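Quick one: the structure is below, and I'll ask about it shortly.
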Amino acid sequence: MTDDIYSVLLDAAGLLLVGMAVVFVFLTILIGAIHLIEWLCNKLPDAPETQIKPQVSGTQAEAISPQVVAAISSAVHQYRNKKQ
Amino acid sequence: MEKLQILWQTTALANFEPGQILMMAVGVLLLYLAIARKYEPLLLLPIGFGAILTNIPLGGFTEPGGLLYYVYEVGIGSTVFPLLIFMGVGALTDFGALIANPRMLLLGAAAQFGIFATLFGAILLNLVPGLSFTLQEAAAIAIIGGADGPTAIFLASQLADHLLGAIAVAAYSYMALVPIIQPPIMKALTTPEERKIEMRQLRTVSKREKIIFPLAVLGLTILFLPTATPLVGMFCLGNLMRESGVVERLSKTAQNELINVTTIFLGLAVGSKLSSDQFLTSQTLAILALGAVAFSIGTAAGVLMAKLMGRLSKDKINPLIGAAGVSAVPMAARVVNKVGLEANPHNFLLMHAMGPNVAGVLGSAVAAGILLALVGP
Amino acid sequence: MEKLQILWQTTALANFEPGQILMMAVGVLLLYLAIARKYEPLLLLPIGFGAILTNIPLGGFTEPGGLLYYVYEVGIGSTVFPLLIFMGVGALTDFGALIANPRMLLLGAAAQFGIFATLFGAILLNLVPGLSFTLQEAAAIAIIGGADGPTAIFLASQLADHLLGAIAVAAYSYMALVPIIQPPIMKALTTPEERKIEMRQLRTVSKREKIIFPLAVLGLTILFLPTATPLVGMFCLGNLMRESGVVERLSKTAQNELINVTTIFLGLAVGSKLSSDQFLTSQTLAILALGAVAFSIGTAAGVLMAKLMGRLSKDKINPLIGAAGVSAVPMAARVVNKVGLEANPHNFLLMHAMGPNVAGVLGSAVAAGILLALVGP
Amino acid sequence: MTDDIYSVLLDAAGLLLVGMAVVFVFLTILIGAIHLIEWLCNKLPDAPETQIKPQVSGTQAEAISPQVVAAISSAVHQYRNKKQ
Amino acid sequence: MEKLQILWQTTALANFEPGQILMMAVGVLLLYLAIARKYEPLLLLPIGFGAILTNIPLGGFTEPGGLLYYVYEVGIGSTVFPLLIFMGVGALTDFGALIANPRMLLLGAAAQFGIFATLFGAILLNLVPGLSFTLQEAAAIAIIGGADGPTAIFLASQLADHLLGAIAVAAYSYMALVPIIQPPIMKALTTPEERKIEMRQLRTVSKREKIIFPLAVLGLTILFLPTATPLVGMFCLGNLMRESGVVERLSKTAQNELINVTTIFLGLAVGSKLSSDQFLTSQTLAILALGAVAFSIGTAAGVLMAKLMGRLSKDKINPLIGAAGVSAVPMAARVVNKVGLEANPHNFLLMHAMGPNVAGVLGSAVAAGILLALVGP
Amino acid sequence: MTDDIYSVLLDAAGLLLVGMAVVFVFLTILIGAIHLIEWLCNKLPDAPETQIKPQVSGTQAEAISPQVVAAISSAVHQYRNKKQ
């Protein structure tokens, strides 16, 4: 019985060591990957970046739906009219 | 008269069991915490309500044909709900602070010590008469230390289905209690001078780096930890939709409607596991205790790691930000900011704490993958 | 040529049965009522469309593998759709007027007389040769008098699945006809002086009362009528999300996206029950007639109860508001307001009618619970 | 046969009586409950109420998404610019 | 050490098959096309991501219990997802330009020649050693020429499930390539004078015509082509919700939340069919080639038909608009407008091209119905 | 073997002919239907049309949700206040 618990405890201790080791190794590799990405992005010409930019703002503008814009202009107009 | 008798026999009054009343009280308590105290209300309100519904005598909510039965089987039995939530969280997460300072990943790694130490502690509790946890149960409980709701639900549903209710409740409760649990630990492990340290401003991160980052995370997970790919994969999909900038309408849907609908049903489904026979056990008390331990150890490990890194680094590091490594996004980062401001009114640590904070999400997803691989079914 | 023959044999022209053409005409009629007359378009448009699709010869929409088959089984067979609609309606409902004047609940109770009297009437129709209703069928039909769509669909799907199409169509049609059905009854049972009565302004209700109210309703339902807890429970969950103020994003989702999506599919699923073999029976005509009777009796009972309460009460009560007790929110309350204004141009009864109106929703959910308990499966 | 119908009719009449009785009893108890809630809410100190209020308005403000606000401010700016 | 070994055995590194690596590269390529080149990103991003996930060694995404397994079975096996997308597209489509000039339907008809000619071509490829297509497979491939994603997925899932991945990828890729594929064909088949032709302004179409139109389309489909009713029916339901003006909230939901959610899952489900064993075959290359052929033939047939109609008609017709008959809404119409502007800077063909463009959607749905009827299961 | 391919090729050719024929016939009937609808709509009195119109604009207004309107008015007010 106690033997059994000790074996499970050993298992758990193994998990503790292996788990923390793998977590650290994995995230350390990820650190390296991020540095690599930064290096690559600096290395590559900026052209595609600027190519993307204007269109990105375009899609962000799209995210504000036409109805909202319609609502706003109508609201602004109504507000203006009421004020006068 | 006979009809009145039939009616009477269908009432709860004639059928209540004490455990059900107790569990309904637990449900009401969760509602109170959610509404009056604003403890993670988005989850605890539906969980509490689900707990009430599931304990109605003759209500049949969790029997085949009942609403909560369907919701649980479709959403959690299949692991679809936590994965959808994770996709939405991915679409809500900005990794900029982490990419600007990738070493913060080490803090997210250190904080996972809370998970593995608690796993060991749960097995130790087997020495206490009357308590008994298998390795699978211990792993499911320990994930509470990951301070991440969907990860905890995902892992618990696969390793220890019957403890899911208690584990999810503990996870969300402690996440809500971060402002109470963490500051004493943070202060005990740091000197006032350390807490005053201001950190260097972060560099700006290009759009392209942010797009490649989720793919890199996915790639590494595929290579080294395939068991974590469901969680990490959906998270990275959400983040890629966000950062790519070309599928704005999908990204917004993942961040709003989809995550909201899933949250309602996930909460009800978790609540449906708060039935008296599954919750009113000595294990539940142990789970609550172990969860608090896990959180505390994770916080301490993060802070200590930050101190160590500060010694070895040429850039100064405020050790408080290590506490954000447990995840509990964005509450833990806000707590770091607050404690930092107390020590130095000009010290805004929020952005610096976001790095370890999102690193903690990755860290606990990685930890979940390791646990699945080593003690999984 | 052979290919043209195969094509010809798959056309509707070669396969139409007269009943299908007739049911398609019913579908077109429902679309006409929805679009040109604006009769409950949110439901009648998808129902009408579903009726057309389901009667396409060789269309296979309601056979295993067909779209409507899935939608029906997943959404109505499981009772999930009406319950989700009910949650959304709960999130849309403000109980303030009822909490301010709780006696209005008696009007909501009285109006349920339409349900139980119609049940008796449906059984009486067994004396007519060629008509035959079981108690379960009679109960499913009688619920039309509850003037509440999701309640009717929920109960009909459990007590008399095969009558669901006719019952749902009758329920929504009569709810749309409230402005035509109710005023003559209201005027016949009241004097011009009674209709002129102005009522005392309602007290303001605190946020805390509104939060506790749905929990109290749920609590009483659990104690006395567990069979009503699916309906009442989901309704109270929606209302609690609304009033708690801490889960705004869940509440908005329940009120908008979730109820909209569910409405489309619920409508199609109900329409799929308008197949010629299930709808073109003498029972359907009886259902339409009984539904009208149920509405009328409910209206009359509400008005008479309001007259009685007015005599016994020290505060004056305009008997018109009793008509709102059938539910049909918010149409019935608006009709009360309109009839009141006709009698007295300074008499705004809308807020006073909202009390009995929402009481009627609770009342018919309670009635559904009683019917489920006493004649249920 | 007719016996059968009469027995069902009796059943239906019983349902009519019991049903209406239970509906009335249930909703009457609910009236009591509402009065009890009112009494309790008046009895308890107002503190928690006021505690809730500011945050509630906070969450309501949250419900208006940042994009809507962004849309509005941009619309107002555009409108202003056009006017000038 | 033993634990490390277990972990190692679960890593992808120890289990990769070359085909999986290749398919992941295909997934990354699709992501690149979606994000950097903006090729149909709403679909190609989730498809590419799904392709990566499905090829993870030991990932288990497409095995029973895996996320993509559920998504595929629930959404595509049942044909529910493409039908929901079609409903949303219907709610987004304005048939005004087509109703104003109904002859444009002939252009939508002519462009379907791409489908049927490609079917013939696919069967011809059986003469090539190593290639072999059944009639069903050929029909599923040919539908790529319909230039309509949901129609292609709907048909392919029913006729040739195993080719679905390649067919969907080809369909969306070529739709994205419309601005590159079509202009050379359009210019080769028209003279500069023809491209300069300006067309008469369209009459305004009344609301009532727009409401009756989807019902007329549905009616004709029911009469003559019941196998097309799932596609056409859902499309017409969406369009009716849009034009009726009485169910604005359902229409908006179909156009936004519902189509967005479905798009995410549809994309993932399609991606899940990009497994190495199903995609890395000689058939896939043939599918890609046939798809390009189908698009080109459809474009050419549309332009030639427009030339013919221009000769026979008293109103002038710019033959460029025939190219829009392939559908690919609204990209093809925009391309027509652009090519028209190049020839004549005062020539705005966009509205005139919308007629054949939406006609092409109907045309390919009709073609799909014919194929289902004649070679279907 | 080759016989087999020829028979399938014949099938495919048949599909090509029948398919294109049915597509053209179907869409030609639809052209007729659209003309019929136009004729009917012109024939019928305009009354129901005008009856619909005001309400349609009503529902379109509804599509702009009350919160958006609330957001707008509050935004306009805030903007005004800040300006002063």
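The first chain written gets the first letter, and so on, giving A, B, C, D, E and F; residue counts start at 1 in each chain.
Just so it is clear, contacts are C-beta pairs under 8 Å (C-beta built on N, C-alpha and C of every residue); 3 or more make two chains touch, one makes a residue touch a chain.
Note that the coordinates shown come from a computational prediction; the quantities given were computed from them, not determined experimentally.
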Chain of greatest Cα-centre distance to chain C: A
Selected pair, out of C-D, A-E or A-B, that shares over half of its residue contact pairs with C-F: A-E
Chain of greatest Cα-centre distance to chain E: D
Same-site or different-site touching of chain C by its copy chain E, using the half cut: different
Fitted rotation between chain B and its twin chain C in degrees, CA, nearest 5: 120
Geometric centre distance via CA averages, chain D-chain A, whole Å: 38
Gap in Å, rounded to a whole number, between the CA centres of chain D and chain B: 31
For chain D paired with chain E, centre-to-centre distance based on mean C-alpha positions, whole Å: 46
Touching two or more other chains - residue numbers and ranges from chain B: 3, 7, 38, 224-225, 245-246, 249, 252, 257, 370, 374
Shared-contact residues (touching 2 or more other chains) in chain D: 15, 18, 22, 48, 52, 55, 63, 68, 72, 76
Complex contacts: residues of chain F adjacent to chain E: 5, 8-9, 11-13, 15-16, 18-20, 22-24, 26-31, 33-35, 37-38, 40-41, 48-49, 52-53, 55-56, 59-60, 62-63
Residue ranges of chain D touching chain B (in the complex, touch as defined): 14-15, 18, 22, 48, 52, 55
Complex contacts: residues of chain C adjacent to chain D: 98-99, 102-103, 105-106, 108-109, 112-113, 115-117, 119-120, 122-124, 126-127, 135, 138-139, 206-209, 212-213, 216-217, 220, 224-225, 245-246, 248-249, 252, 359, 362-363, 366-367, 370-371, 374-375
Chain A partner contacts - residues on chain E that touch it in the complex: 2-4, 7, 36, 38
Footprint of chain E on chain C - complex, ascending: 3, 6-7, 10-13, 15, 24, 28, 31, 34-35, 38, 41-42, 45-46, 49, 52-53, 56-59, 61, 65-67, 70, 256-257, 260-261, 263-264
